[in-house]
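Shared between the two complexes below is chain A, which pairs with chain B and chain C, respectively.
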Partner chain A sequence: MTVHPFVILFASIFTSNMILSNFLGMCSFIAVSKEIRTSLGLGQAVIFVTTGTTIINFLVYHYILMPLGLEYLRFIVFIITIAAFVQLVEMIVERYMPTLYYSLGIFLPLITVNCAILGVSLFMVIRSYSFIQSVVFGFGSGLGWALAIVAMAGIRQRLKNSPIPKGLQGPGITLIITGLMALAFIGFSGIVKIQ
Partner chain B sequence: MLNIIITIAVISGIATILAIILSLADVYIADYGEKKIIINKDKELVVDGGNSLLSSLISNDIFIPSACGGKGSCGYCKCTINSGGGPVLATELSYLTEDDIANNVRLSCQVKVKEDMDITIPEELFNVKQYKAVVEIAKDLTPKIKYLRLRITDGQQISFKAGQYIQLLAPPYPGNQEEVYRAYSVASSTKNNNFVDLIIGYVEGGILTTYVHKHLSQGDEVSFNGPYGDFYLDEESDREMVMVAVGTGMAPIRSILYEMLDKGINRKATYFFGARCKEDLFMLEEMEMLQNNLLDFMYIPSLSRPLETDNWEGDVGRVTDAIAEYLSEGENKEAYLCGSAPMIESTIKALKAKGIPEDRIYYDKFD
Partner chain C sequence: MLKLKEYKNIFSMGVFKDNPIFRQILGICSALAVTNLMLNSFVMGLGLIFVTSFSSLTVSIIRQYTPRHIRMMVQTLIISAYVIIVDIVLKAYYPTISEALGPYVGLIITNCIIMGRCESYAQNNPPLPAFMDGVASGVGYTMILLIIAFFRELLGFGSLFGYQVLGGWWPRWIFMIMPPGAFFMLAIVIWVANTLSAKSEEDQLQVPATAKAGGVE
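Showing the complex of A and B:
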């Protein structure tokens, strides 16, 4: 079954959102969603890295691993390429975009272990996407992740002035809100389906 | 079989290509060129940009204290960066107070030299040097406390103030993979420029204490840097002195006592020393010698839990009890304390109760 790339783009942003329906990439989602500005920066970085790594991983998978019958190596190979790609992005950002680097700080290397990024590459393989489909899926998933974290940061900035019980402050209330957002996103689920 | 070889070749091939790309990026992208660091508006250094300020300074023989080796986990390597440091990083925040941030104080191990910098460091850090030494004496003072004499072998001489500390390096040894520096007070007299004495206790699992107690023996080579610290004898003052130490806190106090002996300082001094039982007392003959040779010096050991077999006739209790019992009231005194954080806090309370103002209570607190 071939799904139209536009459907994949829409679905990966809304109905199959990496955070809100797959619960991938939660650690940085919770840690860096305190301010809109920072989360926007991290969101941009994730969009860039998901798109970039999906392209590289597609090429590596289809032109190196598949012909040699080494599909079972995909986990380790994907992790290596993601790590190297993130390292490269970090160097470039540190050198040429210092303001962005300072606002992301230590969180940039966190992208290496952002499971959403490995998830995108693995879903691409499981769902047998073509090259165009993969690129769109990678971009859309990153965009969906960024959308979710920016929305969360917006909510959390408002939370600062709310009377939250002490035991729930920080990650506790964030997880509950994530659940509520996920419930709200279920509203999109009838529109399109990609899995 | 072929499958295994192909697998290995593919993985290594991919890793190699990525490693080459990253190395090229490191050479061409992360190249910040030469940057100038101006220190205290006076000294000027030219360094290769891109490294941390701490390592750039160390490679120019300026040693800022650092116990963790630049991992951002000790918070010692603070210095003032007047310009060129960029904004404060998230990794520094937990070690900087609000005052620090307002005064541009930063952790030098986290700040990278990416542009020309203007920094201020304490003038005495220029006196800090790296020394090579050999263990001349290593002996057990108590079952848990070791005495080391490190004789400097690289031809340099160390000059320090009585009470200051040095940082000793533990190289990698079985069970420890990294180089670690830890701070120890110098226990010897300042007139000895060729060696330093250290008094080092054993801490279960401590990287440096394990190194000293289990791996280091006479004749071994070590390296250390120093001196550091703002805990030292105030030579201008002629007030009565109160010294308080427990365990290895003996080290800086011993240095101060020898300083008094060597320079003929005849101030009245009382030294309260705390230990658990008789076995934990050490350097008793030296204390007796100092009592005989200093004009007005009293050494008062007290044991918190003497054993029955100790036949202890001296004082029982903590140093604070001895202070309450023996120290006369009156504010014209100054105090030198060395020991653990709880001991320092309770001692400060006991001394304030005797009327000594807090700004004349100097201390060196173990972490």
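Showing the complex of A and C:
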């Protein structure tokens, strides 16, 4: 497949947005999208971790697993890479950038179980991207995820004073808004397409 | 040994009262992604039941030998091992379904339901109840998946499990197969479930209240 990296970048942010068209990372999307500040923190962390783990997983998959014929072990290997990467980032950030550490704080460990991160690595393998394509795809997916969660937080802050039916409060209304956002993002879908 | 009644209790907790999807909003990533066709949802549900039940069982068996601070890592590895089994079996026997589900089979690993059951139940309970608890959660999940898929496939393609049900007169709602349809459908399911359970809780609250009033008189 020879898709231009720029196309992948655009597509992964808008047309194949991780949340709005692939439903990945929904758990933390619903749980953490109550305030703009916190969701911005989580968004940054996700961008950083998706980019980093996609690079590492690409190298591991193509230079360790493929030559050894161990492709079926990729789930375990990817999840270990992600857990280790998150742990490492946490230690480095804590040591050298304490202010950033306090602002990201609790979000870093949460990221290990964010399906968007593992999803990006799995998509990368399934669509057999090259190295550059993978890096761009990882970064774009993270950015798209962050964009969606920040937009959602902005909308949810306004919801506090709205009369929402009782059974629909909380996750219910969040899902409906996500649906509307997804509808809006479908408007981009004619522009570029990856899979 | 546990009695039959207690198993029943575990089951009704997992399937209805504590249903992972509409009560705890867990594991909805895959719930949304695979529900455009009933067959996909069914296979996904079976895979999840298998993984939750057996990983709960395994976690429970080795719970006394696992050091507490690395238990998350151990649980993740156990879960991944079972997911790999599911993936390989699907690839070997049902290649078309495996292709349709794509990365979502692998994403069972990060499905919070499994981790949640391991952490909250299997970690502190003997193997057999833990196994049943896993099955119950998985069944609860599969049930919701099938409900959502039923409406999405029926309205979107006019078919059920791939068999044409509605004739040519049915204007297919392409919207239902696309991502927004999934979001709206899940929101509606949660809404209905919340309203129903709120009603039954009110009934339960009212019964003891009246009984007490009678006792005082």
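The criterion applied here is as follows: the second predicted complex is superposed on the first by the 179 of 195 C-alpha atoms of A that agree within 3 Å, B and C clash if a C-alpha of one lies under 4 Å from a C-alpha of the other, contacts with A are read in each partner's own complex, and residues count from 1 in each chain.
Quick note on the criterion: a contact is a pair of C-beta atoms (placed from the backbone, for glycine too) under 8 Å apart; a residue touches a chain by one contact, two chains touch by 3 or more.
A quick note: this is a predicted structure, and the numbers were derived from the prediction, not measured.
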| item | value |
| --- | --- |
| Touching partner for A:L24 - first (chain B), second (chain C), both, neither | second |
| First, second, both or neither for A:G172, with chain B first and chain C second | second |
| Partner chain(s) touched by A:Y102 [first = chain B, second = chain C, both, neither] | first |
| First, second, both or neither for A:T51, with chain B first and chain C second | neither |
| Chain A: partner with more touched residues, chain B or chain C | C |
| Touching partner for A:S33 - first (chain B), second (chain C), both, neither | neither |
| Chain B versus chain C as contact partner of A:I76, first or second or both or neither | both |
| First (chain B), second (chain C), both or neither touched by A:M91 | first |
| Shared chain A contacts, counted only where both chain B and chain C touch the same residue | 73, 76, 80 |
| Chain A contact footprint on chain B (complex, rising order) | 3, 6-7, 10-11, 14-15, 18-19, 21-22, 25-26, 29-30, 32, 86-87, 89-91, 114 |
| Chain B-touching residues of chain A, taken from the complex the two chains share | 60, 64-65, 68-70, 73, 76-77, 80-81, 84, 87-88, 91-92, 94-95, 98, 102, 105-107 |
| Residue ranges of chain A touching chain C (in the complex, touch as defined) | 20-27, 30-31, 72-76, 78-80, 83, 113-115, 118-119, 122-123, 126, 165-168, 171-173, 175-176, 178-180, 182-183, 186 |
| Chain C residues touching chain A - in the complex, by the definition given at the top | 25-30, 32-33, 73, 76-77, 80-81, 83-84, 87-88, 102-103, 106-107, 109-112, 115, 178-184, 186-187, 190-192, 194-195, 198 |
